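Two complexes are shown next, each including chain A; its partner changes from chain B in the first to chain C in the second.
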Partner chain A sequence: MKRKKIKLANLYLMAVFFILYAPILYLVVYSFNSGGTMSGFEGFTLEWYASLFTDTRLLVIVLNTIVIALLSATISTILGVIGALAIYTAKQKYTKTSLLSLNNVLIVSPDVIIGASFLILFTMLGIQLGFYSVLLAHIAFSVPIVVILVLPKLQEMSPTLIDASRDLGASTWDVLTKVILPYITPGIFAGFFTALTYSLDDFAVTFFVTGNGFATLAVEVYSRARQGISLEINALSTLLFLFTLLLVIGYYVLARRGAKEVRR
Partner chain B sequence: MKKLVIMLTTPVVVSFGILFWIYQINMAQGFGGDNTLVVYNWGDYIDEELIDEFEEETGLKVIYQTFDSNEAMLTKIQQGGTAYDIAVPSDYAISKMIEDDLLIPIDYSKLENFDNIDPRFLDKSFDPGNKYSVPYFWGTVGIVYNPELVDGEITSWNDLWDMPLENDILLADGTREVMGFGLNSLGYSLNTTDRDELLEAEKKLETLWPNIKAIVGDEIKMLMANREAAAAVVWSGDASEIMYENEELTYVIPEEGTNLWFDNLVIPSTAQNVEGAHQFIDFMLDAEVAARNTDYVGYSTPNDAALEFLDEEVVSDERFYPSSDVTDELEVYENLGKRMNAYYNELYLRFKMQSK
Partner chain C sequence: MNRTSQTAKTVYLTTYWVWIALFVIAPLFLVLYYSFFDIEGNLSLENYRNFFTSTYLTMTLSSFWYAFLITFFSLLIGYPTAYLLTKTKHKQLWLLLIILPSWINLLLKAYAFLGIFGTYGITNQFLEAIGIGTQQILFTDFSFVFVSVYIFIPFMILPVYNAIEKLPPSLVDASRDLGASNWTTFRRVIFPLTLDGVKSGIQIVFIPALSLFMITRLIAGNRVITLGTAIEQQFLVTQNWGMGSTIAVFLILAMVLVMVITRDWGAKGAVRR
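Entry: the complex of A and B
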């Protein structure tokens, strides 16, 4: 009886995974289609990958996207950790809850609102739209995510740990770098990678703040939609999918190593 | 702690590596000086080889950016954060931009190739005398249908009501387009401001619901090519793409008349390189260049001289290059003003709410 139950569960899981991955698989398969559209598979070709690599405009856009993702994720991770520490160490309960609420408001705000507000802000301040405006906007919407992912780690940490290290003569800096940060490292990693993916695929906010020849992939793909998206985009999506897959594997390996170290 | 430091420094190092790479790519292409030209166009709406040629010819470097709707482009230009030298709005957006003082008049002494444009596409109501705009592509709104799925031939808007097309029609989601064919089917102007006529058109459109399968966006091309519906109301540019995907289909300009639309080249008032913008427009007006661009994009070109460089079969296709007898009867959208636009939208919304 028990065995059968597990089988059913597995079957269900397989179905769910199939539904989740079928569209991506479909997209990947058609990136090798010589037919030129998604409506029928005519034959195998690497043409789209070739044209992808000769398209320097698209290459620059992809590189822009990656740079923005890496930098905004890094900076927002640092800011987010500082923010989480601030909320965690806030003495008054009132301060703590207000800070946390402010953070949460940003998470539930629609992207369109954030994007439009940034556009108005940058215009008022006279900031040129381009690399820096996109970077700033991405940092802004990533910080609250990092905070919300790091904070639980801080809260599950036993306060006696800090007291003990203090008793043993650790300075504030020691407590931070030798006790707190190592303890919340998994949370920081999760925050970093989430921020990275948020930045990679954000369209709504980026759309408003791009300009002066600077574009990210999401904006570019969207603006191509009027003419029907060419299979070059399929090829690119396939590569990006593999890239993110590698990132996930990397994260997994790091997290496992981290877990082992803690056990030791 | 060490791991954290590595984790945070690696992305920064990698980023600077990539930034340097981008810098090198840009340098290799000669960007960086003042000799740039920013072109803001619809996605995939130009043969990019032509941009390379233009760069070679003039020594200018083109920064090519894309948008997906007139509204998006308008917002970007109005906001003024970016200096676009060339933009490609559609007719009604042009009149809006003229009203808002967003365009620079075109200096025709700098355009040698302007005579290539067929005069019947000039001096339209959205820009009298073509003071601010030069036609880029044009087309109509009509019906694309699959003769194998339709009993007989569709020739008019009223056929959508009269033929046995139950649950078989797709509509492109546009207020002016849908209200327009409602008005046209009754013999009214699609620029009417008569509220009774508009109400009547909306009532008539409601009776079409049993035949309407869905009101959709860009996916209409894929749906039609895949035989998901028998007929659809679309722009001629979309129709030619659909027919390229699936040759069974055909396109018709309804006999009651319809909309004639234009996408035109303009120079926004934020332009930094007005000289270069004129060079670019003149380059695109060149007969051979226009022909190649038309070949790539697949829409109808207003460039008369380009026609001889195009496939005879394409140019003689009355569905996409109708004679002046036909185009003279068609109407260009007029800017109806805020209040009238709101009324059109209200009626269109009411029509959409009547869906089954």
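Entry: the complex of A and C
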């Protein structure tokens, strides 16, 4: 009886895994379909990939997306570390908790609210919708994540480390760059990486603040998908899927190595 | 020396407060502010009056209903999955494989279903083959809920999985030793002790489910209007920022409500314990 139960459990898990991966595989398989639709596989072709690589408009969009992701991840990591330090060093408990709850507002807010409120904000500030508004919005929703990922590392750090370095005559700058930052590096990496993937992944917020002339990949996929099926999107999805896979594997290798070093 | 570290603290705090004021407080305040302006830019309560007409109230209710359905099915499928995952060998690896699809842009996943559920898609080919015949699947409530559940399931599994992992196995053993059946053990021991995970799962799924708009457009063909769809419509199509802001205010209220409700559960549970 016991074996039967295990089999049923495995069957259930297999079904869930199947459903989770089937649509992704479906996209990938049809990116090679010469038939031009997502129903009825006619023959193998690479023409959708070829047309993808000659589509300069799309290549510009890919470049935009990567530039926005790298820039916003870098800036939000810096701001997030400053934010985490602010919460960490704040003396009053009240300041600490209010900063932390305000930090969490953007994490729990639905994308639509963030998008709509930033659209109003940027318009009021006179920031033209386009590259800079998208960049600012991406920084804004990434900062709280970085704070959340860096803060535990700071709290883990023994305060005696800082006291000791002070006693040995380190300046504030030395304490920051030679003691605190190296100690919280794993948190900073996690923050940077998460910010990067958030930025690459975001659609809803970008959609609100993007204006007419500027698009990221997600926005472009949305507008193309609304016009119906085009196997170029499949080809693009396949490449993005592989890219995501590489990022995740890279991140896990880094995290593993980090964990090993800490253990040592 | 002490003064310089004080300066550093002031720099951190000032920078971060300015940031929060500009990108957290100001945007939310502006949404509230705009909700009091009608489409001509006059100060009025018209948006709020409009919101309480049957059109918007029905929309709000249906948005809640869909979000409820999506959360319910995510939990129904996600809980057993999380539970069974904790029983597998190499569970970290399997968990990673469950989370991996959530890294893929949800638009791409939604787009895949355009092919799968389409009139000539694989589902209809299958239905045709077993003799049921072609059905209209895309642009129905079913496809909307299905695709949303599909997208949210990893987010439900993760917190529940963590909660079950934290559960001391000795408690389950004790309950079995005392003669409780599997079902009783689950109902009286496992489920109550993993409620925190379920609660955060509900939070993570319910709030975004209220505000989805791209899936309603792609998969539900504008048949389903959620609060999120309505906000997007008012802001980007109708250009009625006032009404959009009013709906946003109610979405924020709904969000706070969900957080309070899910938090209260835990408090009550703790008191009872």
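As a working rule, the second predicted complex is superposed on the first by the 226 of 264 C-alpha atoms of A that agree within 3 Å, B and C clash if a C-alpha of one lies under 4 Å from a C-alpha of the other, contacts with A are read in each partner's own complex, and residues count from 1 in each chain.
Just so we're on the same page, a residue touches a chain if its C-beta (ideal position, glycine included) is under 8 Å from a C-beta of that chain, and two chains touch if they have at least 3 such contacts.
Note that the coordinates shown come from a computational prediction; the quantities given were computed from them, not determined experimentally.
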Chain A as common anchor, with chain B and chain C clashing or fitting: clash
Chain B versus chain C as contact partner of A:212, first or second or both or neither: first
Partner chain in contact with A:181 - chain B first, chain C second, else both or neither: first
Dominant contact partner of chain A by residue count, chain C or chain B: C
Chain B versus chain C as contact partner of A:77, first or second or both or neither: first
Contacts of A:151 with chain B and chain C, given as first, second, both or neither: neither
Touched partner set for A:235, first chain B, second chain C, both or neither: neither
First (chain B), second (chain C), both or neither touched by A:190: neither
Which of chain B and chain C A:52 touches, first, second, both or neither: neither
First, second, both or neither for A:64, with chain B first and chain C second: first
Partner chain(s) touched by A:222 [first = chain B, second = chain C, both, neither]: both
Clashing chain B stretch [against chain C; choices 81-89, 153-161, 189-197 or 225-233]: 225-233
Touching both chain B and chain C, residues of chain A: 37-39, 119, 207, 222, 225-226, 228
Chain A to chain C touching residues, read off their complex: 9, 12-13, 16-17, 19-24, 26-27, 30, 37-40, 79, 82-83, 85-87, 89-90, 95, 99, 102-103, 105-106, 108-121, 124, 136, 140, 143, 166, 171-172, 175-176, 197, 200-201, 203-204, 207-208, 217-218, 221-222, 225-226, 228-229, 233, 237, 240-241, 244-245, 247-248, 252
In the complex, chain B residues that touch chain A: 1, 3-4, 7-8, 11-12, 14-15, 18-19, 21-22, 25-26, 29, 36, 38, 42-45, 48, 63-68, 72, 76, 79-83, 218, 221-222, 225-226, 241, 245, 297
Contacting residues of chain A [partner chain B, same complex]: 37-39, 56-57, 59-60, 63-64, 66-67, 70-71, 73-74, 77-78, 119, 122-123, 127-130, 133, 177-178, 181-182, 185, 188-189, 192, 207, 211-213, 215, 220, 222-228, 230, 254, 258
Chain A partner contacts - residues on chain C that touch it in the complex: 1, 4-5, 7-9, 11-13, 15-17, 19-20, 23-28, 30-31, 34, 77, 80-81, 84-85, 87-88, 94, 96-98, 100-101, 103-116, 118, 120-122, 125, 150, 153-154, 203, 207-208, 210-211, 213-214, 217-218, 227-228, 231-232, 235-236, 241, 244-245, 248, 251-252, 255, 259
